Structures are given as structure tokens and as C-alpha cells.
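Got some structures for you, see below.
The same chain A turns up in both complexes below, where it pairs with chain B and then with chain C.
Let's turn to the complex of A and B:
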């Protein structure tokens, strides 16, 4: 079943790329959309089959020159394949409606439509790779595909170009790290297939293992968009067409987590505590920093991108905790933490894809991403608003949203980790619990802001006031994602056995940490259980009671319509409503030291008198501080070095010849002396 | 031909070959440099013929004769013609023949000769492991080819006149050819044919470039071209 599904996905993907290249503009978008959905369906089926316990491995010697391709599917790969497949199906359907509005440009262009199925295919296939060369080839194809898609709208905005450059540079730096790490690992372990790496990992010296892990983990953390290697993410995600943002944010960044789990826990077979303390530190910092930046963002898609950084941070905290517990020998807890992290990957994919799609509908309808100029969309776009609200509920990690369950599991594993002995654990775990709680709290504010300012209150611009509902395919795609979100929120227990197998495939087998009877999530080794369905039922009843009782008890009927009391100041205008910036202002004051906002007051006096003011200009920006402190010095140093090196090229032919001659002589001398 | 005679002849040709390269460094007059270069071509051809005669391979002797025709005949002729084109319209200005003399090389002649000695030493040091692999008379002479490569490169780096540089490039190529002959005891005809045509074309192009340069800038001093970079 797995090979058949994967072969179908590959064939359909190839056909989709051909269709995108050859078909005329009008036919192109629907055909490519359907074929891309086929890719997702094939990959998703294979993933689900793997989660149900089927395994498959094969070597395809002719496919890649020299090394040949090695593929293998286990339950760990299955999780990520199933997630990617489901997201691809929904987003492809959504993309039909989205790209149809673009005409022959943007996402509807020939290049973008030809690349889209291939990108979807690589998303599904990266977890299948079972040798270093196969993995790197697919990884690079995925990076190139996403880069081309990010650049799809480069004609419309100049900022797309800049985002593309950032993304290309960072993703290739990541590839270099990955290449270095894996090459070192393969050389030490004596083989480049994952099976050989697994077998040879124990023979590698601890220092080299540590070096391999640091190199590879840095590359994967950069792909997952965690601080401080996140700089590409808040640029590329907003500038990409919305379906591409959804694919990148809900499927591509997950593969960073996949790589980390696969390499750290499976191939290297776990490691000392310092690896995982580092991973947890990175995860914790990105969770809080990402959500703080999201709170400050006024651009809707930028906000969602930073929220991705936060959620990946949470997942990575879970992975780090899992490794830490395994390093101290507590395997059941390690399995629980990893299962929580994987479940959060699944949940995040569902709600973040939906959020990006809804943001895309808003962008399509209004041409705006700026929350300060949106507003009042609830009445103009009721379906989109409802879907956005559902996804936002998942993102704030409160019941009955789907994000709640995975964060609850994560917290459970961390809290029960106090029984693990060790000073590092005793220091780190309370801190991580606090960081997760803090990020969940700020996330609530962030999504209240996004939903309340963007969709409620009054429209603050002409475009927002005249917006119309999204077309049917877009709503259908979002509807699929909404069903997934709801299913994950109500019956996450269905995933229990699959996640258990995945955790087993990652090298923590036989724990049975997470068992689900469909309706309940029960933790085997920790006496805790949760029935999301009952939570939802209780909440619904409570809401109904809260809304219904006053009506029942009230003597006379409430007046529904009345003029608002305006304090005598005249009718309220849209300018009086909260904007995204003003809503975030208190938070910004609280975290002033962390965010370091820049203020600029410019007073222009009238020419005749210095005491009469003609104009006051006030500007405040919240720049990404890490980027400011970390990247700009590096970029400046690089530019300075480049300028300095230019002096070596003075234009004299003799000088250039002299370089060659000196190089040759030095080389020969080195050879002579070294012999 | 007896072995000792072969060895002595081989050493004489190789010595002449190296000596020619050193004399190119010593002379300043471009016409004299070209004459010395032609003599080196003769030595190279003799080397190839000698190797062919020793191994009784007639194709190698053919290659040697071809090399002689190209490097002692065609290439010096072409360079000399370029030189004549430079001098013939200069009579009226009486510039003291600056265009036909390497008046001010970047490294003066004495230092150049010392450097050539050092480069030769380096070549001997580098090729010692190669000689140790199979010590025959031919491989023992291998450092000579390498030394000429290095000296040719040195001429290329330090001489100002475009034509002196062309000769430097050709010295480099002679050195490579000699190394190939000595190391492999004979290069196949087809390979040598390809290399020769390459060199011929390069010299034709450089000849045209030199004339153009002279027309455009009034000089063939390469250092005057430094304003051309980005």
C-alpha cells in the first residue's frame, strides 16, 4: 500500500508539473490544483498506512548517480507525511480559487504552477529518504521549489525580492551545515544509508558525535524557524502567495523538527544532556520571542509567521525534553514528551494552514495585510471570519481548541519530569514550564488582537468596507482544514496508537505512553487523562447556561437595539476603535526592555516663529532586536571584507599573473617541504 | 645508438633547452629574445626526435619534426612579424626603440637570473619523488621541463612588453611539452596536434591584440592597461 501510494503521488506530481508547463492559462490552475491535491492524497495515504504499522524500505540504485536512492517509511516518517499530505490536499483545493484570481501572473503563472506540484511532492517525500544523499537531494529540491514559489509575486512588490534573497541565503547556509554534519557523520560511521549510520553511530567518539549534532541541529533549527536563525521566516512567509505560506508554515517547517528527531534521537541514538539542554533553550527562547514579536506585528501574515516560530519553539522544547529524559534514563517520560511534540506538530499544521488560508482570503478580498487598516470583516466575510476564529481558538492553546491538548500533554510531561534526578533538570524544567505558560498567555492576546482588530469593530479603510466573501474553492479548502481542526480538538485519542508507533520508531519503543480509546487521551505511566469531548461538552453546556439563564430569569425582554452612549463626544468613528498597534501597546510597555522599540518625534516649526508648530511627526517601530544585534554586524563585516578584498584586484595584469605565479610556487614549496 | 651516447645527447639537448629559457631572461632586445626562443624550439624538436630514435618509434620522430616546424619556424616568424609591425611606423618619432626593447622589467635582470636559479632548484626538489619512481635518463631530465615552466611563468609576470609576455607564454608551453615528453616517453600524435593548434591560435590572437593595443594606446606596456578594470 505504501509504495503504491508513493508511486501514485510521484506520478501525479510529475503530471502536475507538466500540466503547469504546457496547459493554457485558463485550464492550468484547476488541473494543477487537482493534481496537486492528488499528490497530497497519495502522500497522506502512505503516511496514514505507515502510522497504522506498515513499514517499507527499498533501494533504487539507478535513481541518483553514484550512491543510488534509498527510501524507507516508518511511523515517524508517517506522521510528517500524513500531516504534509493532508495540508497539501486542502491547500491545493484552496489554491485553485486563489490562483484563479491572479490571472497569468503571481501564483497563476506558468513557473509557479509547474513548481507547485513538485514542491508538494518533495514535502511528502523528504521523510521517506533513507540515505544521506537521497535526503539532501530532496531537501534541496524542497528548498528550491519553495524559493521559486516565494518569488511568485515579485512583479507586484519589491519586498518579495528581498525576502527571496534572505530566504535563499539562509536556507543554503543551512544546507551547508547539513552537508558538513552529515558528511562527517557518514565518514565516521562508515556508510551513508540511515541503517549504516544507525549501526555506526555508537562507534563514533563523543566529541565528534557532539559536533555532528550541533551542525545538523543548527541547520534543522534554521529550517524550523527558531530563534536566532529565524530571520528568513517573517520575511518569506508574508511575501509568498498565501497558499504557499500555508504550505511552508504548516508542512515545510515541520521537516526541520523531523530532521532533528530523526538525526538526534534515531540516527545518533540520543546523546548527553548538554545537547538537549541546548535544544530546549533554543526552543524556549523562540517560543517567547516569537510570540512577543507576533504581538507587536501589525501585518497579519507577519504575525502568523512569528506565531509559527513560537509553535516550532514549543515543539522543539518537547523534543529537547524528550532527549533530556532519555539521557537520564527515563524512557516513558521521554516517549511522552516526544509524543506531545509530534501531536503539537499535527495540531499546529492544522490551525496554521487554516489561519494562513483565511489571511489569504482577506488579502484577496481587500488587498491588505495591515491589521490597522482592516476591521469590520465579520459582516462582509462571515465564513472566513468564522474559520479564522476556529483556527485562532486552536492557536491560543485554551480548551476547546486543538492546540490545548498538545500543550497540556507537553506540560504534563515537563511537570512529571521533576521526578527525574539531576541539577540541570531541576533548573530547566520549571523555567520551561514558565516559558510555555508565558507564551500561551501572550498567544491569547495575539489572537484576540488578530481576530478582534481584523474582523470585528468597524472597517478602517475603503477596501475593508467593500470586501466580499471568498470564492467557493477557497472556502472548500478552508472547510477541509476546519474539519481537521475540529477533529483534532474533539477526538485526538484516535491518533494515540499512531503517535505511539512513531515514538517507537524514533528509538523510544514499547512505552505505550499514549493510549487513546478514541474519546480519551490517557497517559499510561503518568496517572493523568483527559477527554477533550467531555471538556467541549462541559464548556458548551456552561456557555449555554451562561447565555440562557439570564434570559430565562429576566422579567422583561431586553432591548436589542439602542444608540450607543457617546459621552457627549459625538458619534464614534472607526478612528476611535482599537488598532493592532494600540492593542499591543500595553504589552509593548511591559516588555519594553526585551523589544527595545525605536521612537522618532519630528517637530517642524512654522518658518516665522520657532514657538508655533506646523507639524509633528511621530514614528515608532519595533524592529526585530535579535536580527538587529546579530545579523547586521555580520552583514556589515561581510560587506567590509568584500570592499577590502576589492583592493587586491587593482587592475594590473602583472598583479593578477603574479597571484597565479606566487600560488603555484607556494604550492610547490609546500609539496617539497611536506614530502 | 648506444645508451651512453643517448644519455649524453639527451643531457645536451635538455641543457640547451634550459639555457635558452635563461637567456630569454637575460636579453632585453625583443628581436634577440625571439631568436633565442626559436633556438629553444630546435632543442625541443631535437629532444622529441632523440626520444623517438631511442625507442625506435617513427611516429614520435614525426611529432618531433612537426614541433620543430611550429616552434622553431612558424611561431618565431609570427612574433617577428608583429615586432616588425610595431617598429615600421615608428621611424619618424625616434623614440630610441622603447617598443622593441624590454627597457624596464618589473624585476631587473640580475635578480631575474638569480630567481631562475632558485626556480630551477625548486623544480629539482619537487620532481625528486617522480624521478624516484623510475630512474631512467629521461625522467632524470624531468626537472628541466618543470624549470622552464616556472621560468616561463616568471617571464609572464615580470615583463612589461606585450610581445615579451607572448614569448613568456610560449616558454611556459614549451616547458609543458618537454615535461610531457620526458615523463611519458612520447606523446601521441593526436594530442600533440591539438596542443599545437591551440598554441598557434593563441599566438595569432595575441599578435592581433598587440597590434591593436599599439594602435589604440600608442604603447604595448601591459601596465598601462590598469585603468580598464571595473
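Let's turn to the complex of A and C:
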């Protein structure tokens, strides 16, 4: 089952790439879309089969020169393949409608359409790799594919180039770290297949294991978009075409988590507490910093990108907690934390893909990403607004959304961590619960802002007032994702066995936390349960009763179309309504010290009078402070070094000959002295 | 599960539902007497709600489904939370599902629905108050979750009936540093969540200082009745939750009619006492400036964090 599905996916992906290259413009988009969906279906099927317990491993010597390709599928890989597959199917269907509007440019161009199926294929195949060389080749292909797709709209906006450069540099720095870490690991363990690494890991000295982990974890954390290596994410996601943003945010960043779990817990076989405390710190800071930046963002896609950073932070807190509990020997609890993290990966993929797709529909209909200029879309685009609301419910981590279930499970695993002895645990766990709770609280404000300002209220611009509903393929793709979100929210128990197997593949015993109707945590001295279906049923009944009460009692019918209350000052205009920026202002004041907003007021007085003001110009931006403080000095230093080195190349041939001569002499001297 | 259990759940909903307007009336009465006024009587909120329910609801031009559904959703989330929280009995058919995190999240869902409705009107007041409400909620939710966490550590679960039963059997838990700190943190959070002085003034009519009231400016008739009822229900529920968590004595831990009747009387007495204390305190307090509120909430957040940490060191870490 697994090899057949993967072979189909690869074949269909190749055919898709060819179709993208060869077919004429009109046929290209639908054919490539269908073939890409086929890639997703194949990969997803393989993933689901792996979750149901089938395993497969093979060595394909001819595929990659020198080392040959090694592939293996287990349940851990299955989770990520199934998620990527499902997201690819839905987004490919959505993409047919999206790219059709682009004509021969942007996502509809020959290059983009040829790369799209290949990128989808690498998303599905990265978890299949079972040797360092195979993994790195697929990883790099994935990075290149996404880079080309991010650049798809480079003709339209100059900012796309900038985003592409940031992304290219950061993803390749990540690759360097990965290469260094894996090369060191493989050299010490005496083999480059994952089986050899697993077997040889215990023989490696603790210091080297630590070094390998730090190098590899930094690379994977950067791919997952966690602070401080997140700078590419809020640039690349907004500038990419929306289906690509959805693929990157819902499927590609997950693979950073996959890499962390695979290397840290499986290949290295767990490690000392300090590894995982570091991982948890990174995750916790990302969660809060990401959601704070999202709260400040007025660009809808930038907001969603930062929210990805937050959710990946939460997932990484779960992974770190799992490693920490395992390091202290509490394996059932470690299994629970890992199951929570993996469940959050699944949930996040479902709602974030839907959010990006809905944002893409808005962008397609209005040409706007700026929340301050949107508004009133619920009457012009009711389906898109409803789907966005459904996904936002998942993202705010409140019942009956799907995000609530995984955050609940994550909180349960942390709360029950008090059984684990150790001062580090006693200090870190309360802090992580506090950070998760704070990020959940701010997330509620963020998505109220995105939904309330962007879709409710009244239109604040001409484009928003004349927007039209998205075409059918886009709605169909979003509908698929909405069904996934609803299923994950109502019957998460269906994933139970698969998650247990995935956790088992990472070397931990199954948690058994998710069963048929709901969630049940049962550990020594500890229990908790949650039944999403019951909560939804109770809410529905209560809602019907509460809505019926005024109907029964009222003597007169509801009056529609009344005037809004205007303090007697004339009808309120859309300009008076709160914008995203003004909505976030109180939060910005509260977190002033963290965000360090920059404010600029320019007052121009009327000539010959200091008291009459002609014009006041007010500007405020909230720059990404980490980027500001961490990256800019490094970039300045690099640029400065480059400038300094330029002085060596003055353009004189004599000087260059002199360099050659001096170099030769130094080399000869070194050889004579050295030998 | 016995009939007594079902009766307890129904009793909780009925007592909170019918008692919430009375509690508000009682608190207003206490307040007016302390201020030297005669007061409108304990029954006045009931009369108000009955009057409003008979009037026509109004849908202003340009509002959408979120505006219409929010009042009902506010009441629905509170009613579901009321059914779950052990106010009268810890032994009910739903006690297995009564998870504290779920209760907190349900209450937050009601806040969120109302904030969306405020934004939906597209007026400056609606947006302003939605923005303020969400800012406060964003800081209150973590405080409540952390306080919950501190309480659940000694009990080993986040299941509310189990926490309450544990406190009844082992009163020393309540007097521990963790218990006291968590009480203080939760009390501040409850004040903020229900929009009482010093965070918000429920009887203000000056728009610029309003938090909660400006969001519901556009509601009339039955919708307004639901919003008012929802706010009163939340106050009763949260005061009841406080009393169940920190003064659980008298709550029925087994399924018998006599203990249930006793629990009912004691619950009413405890909540009335808490309400009277709160009303009396409000006479002497002033509303804090909006941008000082986060300082207050940050303080309570810190208390909750301290509660958790001390709880770890005292019960888990050693």
C-alpha cells in the first residue's frame, strides 16, 4: 500500500511538472491543479496507511549518486505525510481557482505551475527519507521549490524580491547548520542511514551529541519559524501567492517539528534536560512574541504568518516538554506531551491552511491585505467570511474549535508534569503554562481583530465595498479544509490510535489519550477528560433555548434597518469605525516595553504663525524588535566588511600581480617552514 | 446516575438563572443603602428584564449575523458553564466533563462573541469597547488559567468536582500559600471578567470610560434583556465558583436530597454574602484609569504565577 501510493504520488508529481512546462496557458492551471491534488492524495494515503500501522523501508541504490537513497515510512513520518497530503489536496483544488485569475503571470506562470507539483511532492516525501543524504537532498529541493513559488509574483511587487532574498539566505544558513550537524553525527556514529545513526548514537560522547543537537535543532527551529530565527517567515508568507502561503504555513513549517522530533527523540534517542529546556524556552518565547507581533500587524497575511510562529512555538513547547519528561524518566507523560504536540500540528495545519486560503480569497476579490482598508466583507463574500470565522474559532483555542483540543491536551501534560521531580521542572513548567495561557489570551484578541475588523463592520475602501465572492474551485478547496477542521473539533478521538503509533515510533509508549468519543488523560494519580461532542451538543441546545426566549416573550416583531446610535451627530461614517491599528492600540500600550513602537509626529505650522497648524503628520510603526536588534547589526557588519575589502581591489593590474606574488611567497614559506 | 444528580444540575441552572437578577438587585440595594439612598428594591432587575423581554428587538442597519447571535451565545455559554461547575453538588451526571479549563474557555467564548458583536456594528463606540474588552480579556484569561493550575496541582486533576471534593476532605489545602495566592489572583480576575469596579463601572453612562456597556449600546428589547441577563449570570456563576473553590463547605458530595437542599441554602447565603462584600467594597473604591487596569491584572497574573510555583515546590517538587 505505502510504496504503491508513494510511487503514484511521484509519478503524478512528475507528470504535473511536465504538464506545467508544456501545456498552453489555459489548460495548464486545471491540469496541474488536478495532478497536484493527485500528489497530495497519494502522499496522504501513504501517510494514513502508515498511521494504521503499516511500515515500509527500502534502499534505492541508483537514485542518488554515491550513497544511494534510503527510504522508510513509520507512523511518525505518517502523521506529517498525512497532514501534508490533506493540505496539498485541498490547496491544489483551491489553487485552480486562484491561479486561473492570474492569467499567464504570478502563480499561473509556466515556472510556478511546473514547480508547484514538485514542491507538493517534496512536502510529502521529506518524512520518507531514511538517510542523511536522501533527507538533505529532499530538504533542499523543498526549500528551492518553495523559494521559486515565493518569487512567483516578483513582477508585481518589489517587496517580493526582498522577501525572497531573506528566505533564500535564511533557509540556506539552516541547510549549512543541518549539513554540519548531520555530517558530524554520521562521522561519529559510523554510518549515514538513519538505522546506523540510531544504532551508533549511544556511542557518541555527550559533548558531541549536544553539539549535534544544537546545530540540528537550530536549523529545524528556523524552518519551523520560531524566534529568533523567524525573520524569513513574516516576509515570505505574505509575499507568496496565497495557496503557496497555505502550503508553506500548514505543511512546510511542520517539517521543522518533524526534524526536531526525528533527530532529538528518535535518532539521538533523547538527551539531557538542558537540550529540552532550551527547546522549551525557544518555543515559549516564540509563542508569546509571535502572537504579540500578530496583534500589532495590520496586514492580514502577516498576521497569519506571525500566528504560525506562535503555534509552532506551542508545538515546540510540547516537544520540549516531552523530551524533558523523558530525560527525567517519566515516559508515559512524555508520550502524552508529544501526542499533544503532534495533535496541535494536525489542528494548526487544518485551520491555518483555511485561514490563508480565505485571506487569499479576500486578496483576490479586493487586491488588499491591509485590514485597515477592508471591512464589511461578510455581506459581499458570505461563504469566505463564514469559513474564515470557522478557522478563526480553531485558532483562538476556545471550544468548540479544534485548536482548543490540542491546547487542552498540551496544558494537561504540563499540569501533570508536577509528578516529575527536579527544580528545573518546577520552575519551567509554571512559566510555560503562563506563556501558553498568555498567548491563548492574546490570540483571542488577534482573531477578534482579524474577523471583526476585516470581515464585519462596514467597508472602509472602494475595493472592499465592491468585492465579489470567490469562484467555485476556491470555495471547494476551502470547504474541504473546513470539513477537516470540523472533524478534528468534533471527533478527535479518531486520530487516537494513529497518534499513539506515531509517539511509539519516536521511542515512547503510546499515551492512549484520545479515544473514540473524546479525550481522556489517565496517568498515575491523574485523570482528566474532555468530550468535544458533548460540549457542542450542550452549547447548541442552550443557544436554541436562549435565542427562543425573547421570541416567546416579545409582543412585537424585531425591527430591522434601524439607525445606529450616533450621539445626535449625524450618521457615523466608515472612517469613524475602529481599524485594526486602533483595535490593537491598548494591547500595544500594555506591551510597550516589549514591542518598542516607533512614533513620529511632524507638525507643520502655517507660515508666519507658530500657533496655527497647517498639517500634522503622524506615523507609527511597530518594527519586529528581534529583527531590529539581532539581524541589523550583523547585516551592517557584513556590509561594512564588504566595503572594507573592496579597498583591496583598487583596479590596478600591478596590485593584483603583487597579490599573486605575495600569495605564492607566503605559500612557499609556509610549506618550507611547515615541513 | 440518580435523579438527585440530574436534579442538582437542573437546580444549579434554575438557581443561578433565577437568582442572578436577584443578586444584582441585592448588590445594588446594599450599595444604595450604604450611600444613604432608599434603592429600587431587590426585585428591580427582574422587572427590568421582564420589561425588556416584552419590547421589540432592533437590528440596526449594516449589522450582520454576529450582532444578532451574540446575546444568545453569551447566555448559552454561561448556562453550559453553570451546568458544569459544582455549585450545589459535586456528584452530578456531568461531573466527569466538568473540566476547569473548559469552563474558563466557555466564559471567554461569551466575551469574544460580544466583542465581535461590538465590532459588527461598525460604530466608534462598538469598536472602542470591543478593543478594550479584548485587551482586558487577553490578560484575564491567563490569570484564571494559572490560578486554576495552582488549584489543580494538589488535586492532581483539572476536574472541578474532584478539586472541590478534595478541598472539602482536606481543608488544609485552602489555607496553604498556594491556595491563598490563587484566591487573591482569582478574585481580581473575577472582578475584571464581570466588569466591576475597579476595572469597569457597570452603572456608568459616560461612553469614554465604558468598557462593557459601550459594546451593547445598539442592543434593545429582548436582545438587551439577554445581554443583561448574561452579565448577571456570569457574575453569579463566577462568585459561585469562587465560593465553591475557596469555601466549599456545605456543598453536596453525595447524592441525597437533604444535603442538596442544605447546599442550596448555603450556596445562596455564600453568594449573597460575597455579593454584599463586593457591593460594600465598590462604595469605597474608585474605578481605575483604563491604562492602569493592565497593571492591576499583571499583579494578579504574578500572584497566580507565584501560587503555581509555590504549589509546585510544596506539593510536587519535594
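Simple rule for what comes next: the second predicted complex is superposed on the first by the 628 of 675 C-alpha atoms of A that agree within 3 Å, B and C clash if a C-alpha of one lies under 4 Å from a C-alpha of the other, contacts with A are read in each partner's own complex, and residues count from 1 in each chain.
Methods note: a contact is a pair of C-beta atoms (placed from the backbone, for glycine too) under 8 Å apart; a residue touches a chain by one contact, two chains touch by 3 or more.
Since we're looking at a predicted model, the values are computed, not measured.
Undergrad: Of chain B and chain C, which one touches more of chain A's residues?
TA: C
Undergrad: Where does A:658 make contact in the superposed view: on chain B (first), on chain C (second), on both, or on neither?
TA: In the superposition, A:658 contacts chain B only.
Undergrad: After the superposition on A, what does A:378 contact: first (chain B), second (chain C), both or neither?
TA: Only chain C is touched by A:378; chain B is not.
Undergrad: Should A:534 be classified as contacting the first partner (chain B), the second (chain C), both, or neither?
TA: After superposition on chain A, A:534 lies in contact with chain C alone.
Undergrad: Regarding the shared-chain residue A:161, is it in contact with chain B (first), chain C (second), both, or neither?
TA: neither
Undergrad: Please identify the positions on chain A that touch both chain B and chain C, taking each partner from its own complex.
TA: The overlap between the chain B and chain C interfaces on chain A is empty, containing no residue.
Undergrad: Under the stated contact criterion, what part of chain B meets chain A in this complex?
TA: 106, 119, 122, 125-126, 128-129, 150, 153-154, 156-158, 160, 222-223, 225-229
Undergrad: Quick one: in the complex, what on chain A touches chain B?
TA: Interface residues on the chain A side: 649-654, 657-658, 660-661, 664-665, 668-669, 671-672, 675.
Undergrad: Enumerate the contact residues on chain A facing chain C in the complex.
TA: Those in contact with chain C are residues 375-376, 378-379, 396-399, 404, 408, 411-412, 415-416, 418-419, 421-423, 425-427, 429-431, 433-434, 437-438, 440-442, 444-445, 448-449, 451-453, 456-458, 525-531, 534-535, 538-539, 542-543, 545-547, 549-551, 553-567, 572, 574, 576-578, 582-587, 589-590.
Undergrad: Taking the touch rule as given, give the residues of chain C at its contact with chain A in the complex, in rising order.
TA: Touch list, chain C to chain A: 50, 53-62, 64-66, 69, 71-73, 75-77, 79-80, 83, 96-97, 99, 101-102, 105-106, 108-109, 111-112, 115-116, 118-128, 130-132, 134-135, 137-142, 145-146, 149, 152-153, 156-159, 207, 217-218, 221-223, 225-226, 290-291, 294, 301, 304-305, 308-309, 311-313, 315-317.
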